[in-house]
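Presented sequentially are two complexes of subunit A, the first with subunit B as partner and the second with subunit C.
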Partner chain A sequence: MTGGHAGRQAYTGVPRWLYGLAVLAALVVVLPLVAMVARVNWANFIPLVTSAPALAALGLSLRTAAASTALCIVLGVPLAVVLARGRFPLLGLLRSLVLLPLVLPPVVGGIALLYTFGRQGLLGGAIEVLGLQIAFSTTAVVLAQTFVALPFLVVSLEGALRTGGQRYEAVAATLGATPGTVFRRVTLPLALPGLASGAVLSFARSLGEFGATLTFAGSLQGVTRTLPLEIYLQRETDPDAAVALSLVLVAVAVAVVALAYRRPGGRGPDGKAGKQASGERPTTAAGAGGALA
Partner chain B sequence: MTGSRKLTALLLAVLMTAMLAACTGKGDADAGSGSSTLTVFAAASLKSSFTELAERFEAENPGTTVTLSFAGSADLATQLSQGAPADVFASADSGTMAKVQEAGLADGGPRNFATNTLAIAVPPGNPAGIRSFADLAKAGIKLVACAPQVPCGAAAARVADSTGTVLSPVSEENSVTDVLGKVISGEADAGLVYVTDVRSAGARVKGIPFPEAAAAVNPYPAAVLAGSRNKTAAGRFLDLLAGPEGQEVLAAAGFGPGPA
Partner chain C sequence: MTFSFQAAVAERGFDVALSLGPTETVAVMGPNGAGKSTLLSVIAGLVRPDGGRAELNGRTLFHLGEGQRRWTAPHHRGTALLAQEPLLFPHLTAADNVAFGPRSAGTPRRQAMEQAVRWLDDVEAGDLAGRRPAELSGGQAQRVAVARALAADPGLLLLDEPMAALDIHSAPLLRRLLKRVLADRPAIIITHDVLDALMLADRVVILENGRIAEEGPTREVLHKPRSAFAAGLAGLNFVVGTSAGDGILAARGHIAGHSEDPVPAGRPAVAVFPPSAVSVFLTDAHGSPRNSFAVAITDLEPHGDQIRVRGGGLAADITPAALADLGLVPGMTVHLVVKAAAVSVYPL
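Right, the complex of A and B next:
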């Protein structure tokens, strides 16, 4: 059944029949992508993806996704640390609320944002007094993307912080480090892989944001029409352009995922590194020691 | 090993059966001769009038159930070209209907049963003081329109061209409902929509008709589809649309009469 070298093989614990279903599962995801690639009009591919509206949409998507990711890091790191380390009542409730955008349909997010930052919204008056224009602006796109992407960063980082444990932090504190120093020199460096994978996921989610943007920000070339919105619009008249641009988005997404889960120097996937118990990991232990030295 | 193989085969069989059942489920509904189903794909703007007309059609044709599917005309055309089963297609513009015809999906020529004209929609109270089409081009006005790729946007562009007005919308939406939504929520000062949209929005928006809209009157064509299994009933539905009863319901929703 397994051949002569069976004894040398490590036990994987995967029953054979599971492979069949796993292949089926992979097909569910891969087959539609293959079908889409098969529909690409290669003869016109370059003109289609380098048209002025396409380039404007791609540029806007990359810029807004980068801005949203930065905003997610700035806002998400403190939130993740508080959720992982803080002790106060209603912490569980806060976590559930913050993670809500993960399960909400994006259009619901768009409506909620509209009633917060819109002209008639909760903060609409205050925003108008400040002379800011959020509706129909690129700022609205970034807000929509941040709203949907923030939970990805928070979940990733909070997981990394929790599984990392607090032993090194406790040691650092007994050696006289202030909470600020512990945070900067122990907590953050240890959670860095988790933060990195969280940031990449946030970027990917921002890049794909569609529903909330359409509802909240509108759609205007170069201002609010990101790549997914451009694809949605092109599909009305030029399905070839829509397919070509979809392929561009898939390529960017593949690059992002590859970046997040690449295997540096034969170690485990980057995304997992932060989530593993770090007690037995000499590299992180050395890192913590170095940080204190 | 054999046991697990059997299990795999069983699971695969169950999955395949489920998929097949999902694919063929639609066809079975039409098979019975006693009752039949008429599936109508109609542009989103026809929702209220077609819902009412479908009820009347069912009352006049006992045993026939009308199933309505509303979406943007281009979306519906795409679904039809991918093999979606339907008996009647009613489009909000002739361009989309022409594509469906070119693809050989229509049975016979389309019939124009209604027209729709653009109107300006403003939030109640008209905060920006819009009075005419020319006001839409004023600086600082947050105008929302459809993108030129969709019928309502093409119509807006035609009107703008014919009057020499340069519109610079803050957003070009994919559908007229999205434009209306931005006006209802008060985000936009004005939106270019159809007369029928203003009518259906009721008190949530104020409609401002403008004479320049005559430059772009959108005909609504309907056709029996080539793949229909119920062409007689489909033809009767088109008759209802063009007849006095259909025209009355459509006029109540704000549609103009279809050219004879």
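Right, the complex of A and C next:
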């Protein structure tokens, strides 16, 4: 079945008035974007997005987002595996705590980070002994982004790990595979689509991070002033530049969403995609992450 | 003795002891929830029992309780598990799936692939080597899964209803294949099909409520069942009571029968008789030496070219013509009559 036309379509049972509200909902999202695009100063677009501060901010954003995505993968994969497979008391509490940044105002996250890694913070003394200064550095930007983006990777990957992988792992073990081999050759490959969409979502969240970065890392050009901070700053002095840079971020966001919600093996409105092995349904997990965003 | 096993899982009311000879195949049968899958999971190391011990080829799989805490991890046991679903790794080709066991054991990739191709040929799936599991039919996938389990060179093969998910065309091919590969290696196979037990197993173990209800050579169990479940498999009526005279005293009264060897009175004993020996009457037509049971009909169902009449836990087979003559409907009270000569009585 490849979604036939009206005549052959299966019964859906959506009341007509629902379509009206659905259109309204779509407008809430789309209209502001259209309004913004309408304000773009196309004549000066290229100079605006290639000015020195803009390029510095874009470069910093891409570098830090890449770094924090890498950090999210390194730290988030073990965490997701433990959350999906572990059996110990307080697991539920741990999961809730780890997902907290999803619903926490980023400013609050920034303050929390400041009181952890700042000079007067919980680990401030230890960090100073090592001769490091984290707050208001590029490292702080990466930390702030990791803080807000980690739950996206964990939620996405944990969902992928939960959908059926465990039985394959048991079979692999009875075939003589050590836990390490099972993880490398069965668990990870089966969860790879979930990991990929989780990483893409984390990257997007890192790229858009504003509140925690401003609070914890400040706004120094070339050091901590990422693209969202640059846009906020330009909005006061040069609205045209702010709009042009915003459009760049919208373009990146569109690309990210397209990547994260791409279905392997083609999408099936009738659920045909679900016919694949149960271990391969990453988009549900990504959907959960997206919904929480 | 190749394999010896005794384990208890309190949570599931499971307590089973079992042993296997070097090339013996045991069929495990029983109602749903009897503990069949628990048995395989404990042997494979996927479920940890509260107590017990098991040995395979002189190696301890686990020894828990009695001051011991020995536990061998699943990947060191050599007990490959073949489930109802093939569970082939979806991201690997058929050949890579089969090579998984050898590679996990440290066999170099090239050699493991050569072994995989040989095993695939052995299960008549050589032409499927390069395919992904999604491109295989249910029967093909299960054959590849058999090859994968065998390639791991297991000391004991565990099969959990391997035929259950197959259509009627694929099952006979797999059954033939299993008969060949199980002939010279120890295996435990869970099945609901008495045909599997007869064809593949030397011995059958009937599990009920987490315990062994009876065990023995398959033919003997089917011929002289000592559990209600085995009697159901053999398609026999089965009444439990205590021996009395030539028959037994059961809840429904005295049942006259005959026994090969005299059974001392007062012993737990069963009366067993085939549904084909039971006649159905509308009125109580007494005449010695016959047994007559008044029962309410619960079900009428086709059974071959006969109609099976069920009621009061008993079954009778009658012809469709007789059914029409008697005008039987569920809920009606009838008399099931069986000659004493058709009733076997033996001790439990």
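Details
Methods note: the second predicted complex is superposed on the first by the 255 of 293 C-alpha atoms of A that agree within 3 Å, B and C clash if a C-alpha of one lies under 4 Å from a C-alpha of the other, contacts with A are read in each partner's own complex, and residues count from 1 in each chain.
The criterion applied here is as follows: a residue touches a chain if its C-beta (ideal position, glycine included) is under 8 Å from a C-beta of that chain, and two chains touch if they have at least 3 such contacts.
Note that the structure is predicted; figures quoted are calculated from it, not measured.
Placing subunit B and subunit C on a common subunit A by superposition gives a fit, with no clash between them.
Once the two complexes are laid over each other on the shared chain, residue contacts for A:153 go to neither subunit B nor subunit C.
Contact with subunit B, but none with subunit C, is seen for A:214 once the two complexes are overlaid on the shared chain.
By the touch criterion stated above, A:84 is placed in contact with neither subunit B nor subunit C.
Vectors from the Cα centre of subunit A to those of subunit B and subunit C enclose 150° in the overlay, to the nearest 10. By the document's definition of touching, neither partner reaches A:71: not subunit B, not subunit C.
One of subunit B and subunit C touches more residues of subunit A, and that partner is B. Here's the short version: in the overlay, subunit B gets within 43 Å of subunit C at its closest Cα pair.
In the superposition on the C-alpha atoms of chain A, no part of subunit A is touched by subunit B in one complex and by subunit C in the other.
If you check the complex, the residues on subunit C that touch subunit A are 44-46, 73-81, 83, 87, 89-91, 100-101, 104-105, 133-134, 148-149, 152, 154, 158. Listing the residues of subunit A that touch subunit C in their complex gives 167-168, 170-179, 181-182, 185-186, 189-190, 192, 276-277, 279-280.
Considering their complex, residues 1, 4-5, 7-8, 11-12, 15, 72, 74, 78, 142, 144, 147, 149-150, 169-174, 178, 181-182, 185-187 of subunit B touch subunit A.
Subunit A meets subunit B in the complex at residues 1, 15-17, 20-21, 24, 114, 118-120, 135-136, 214-215, 217-221, 224-225, 232-239.
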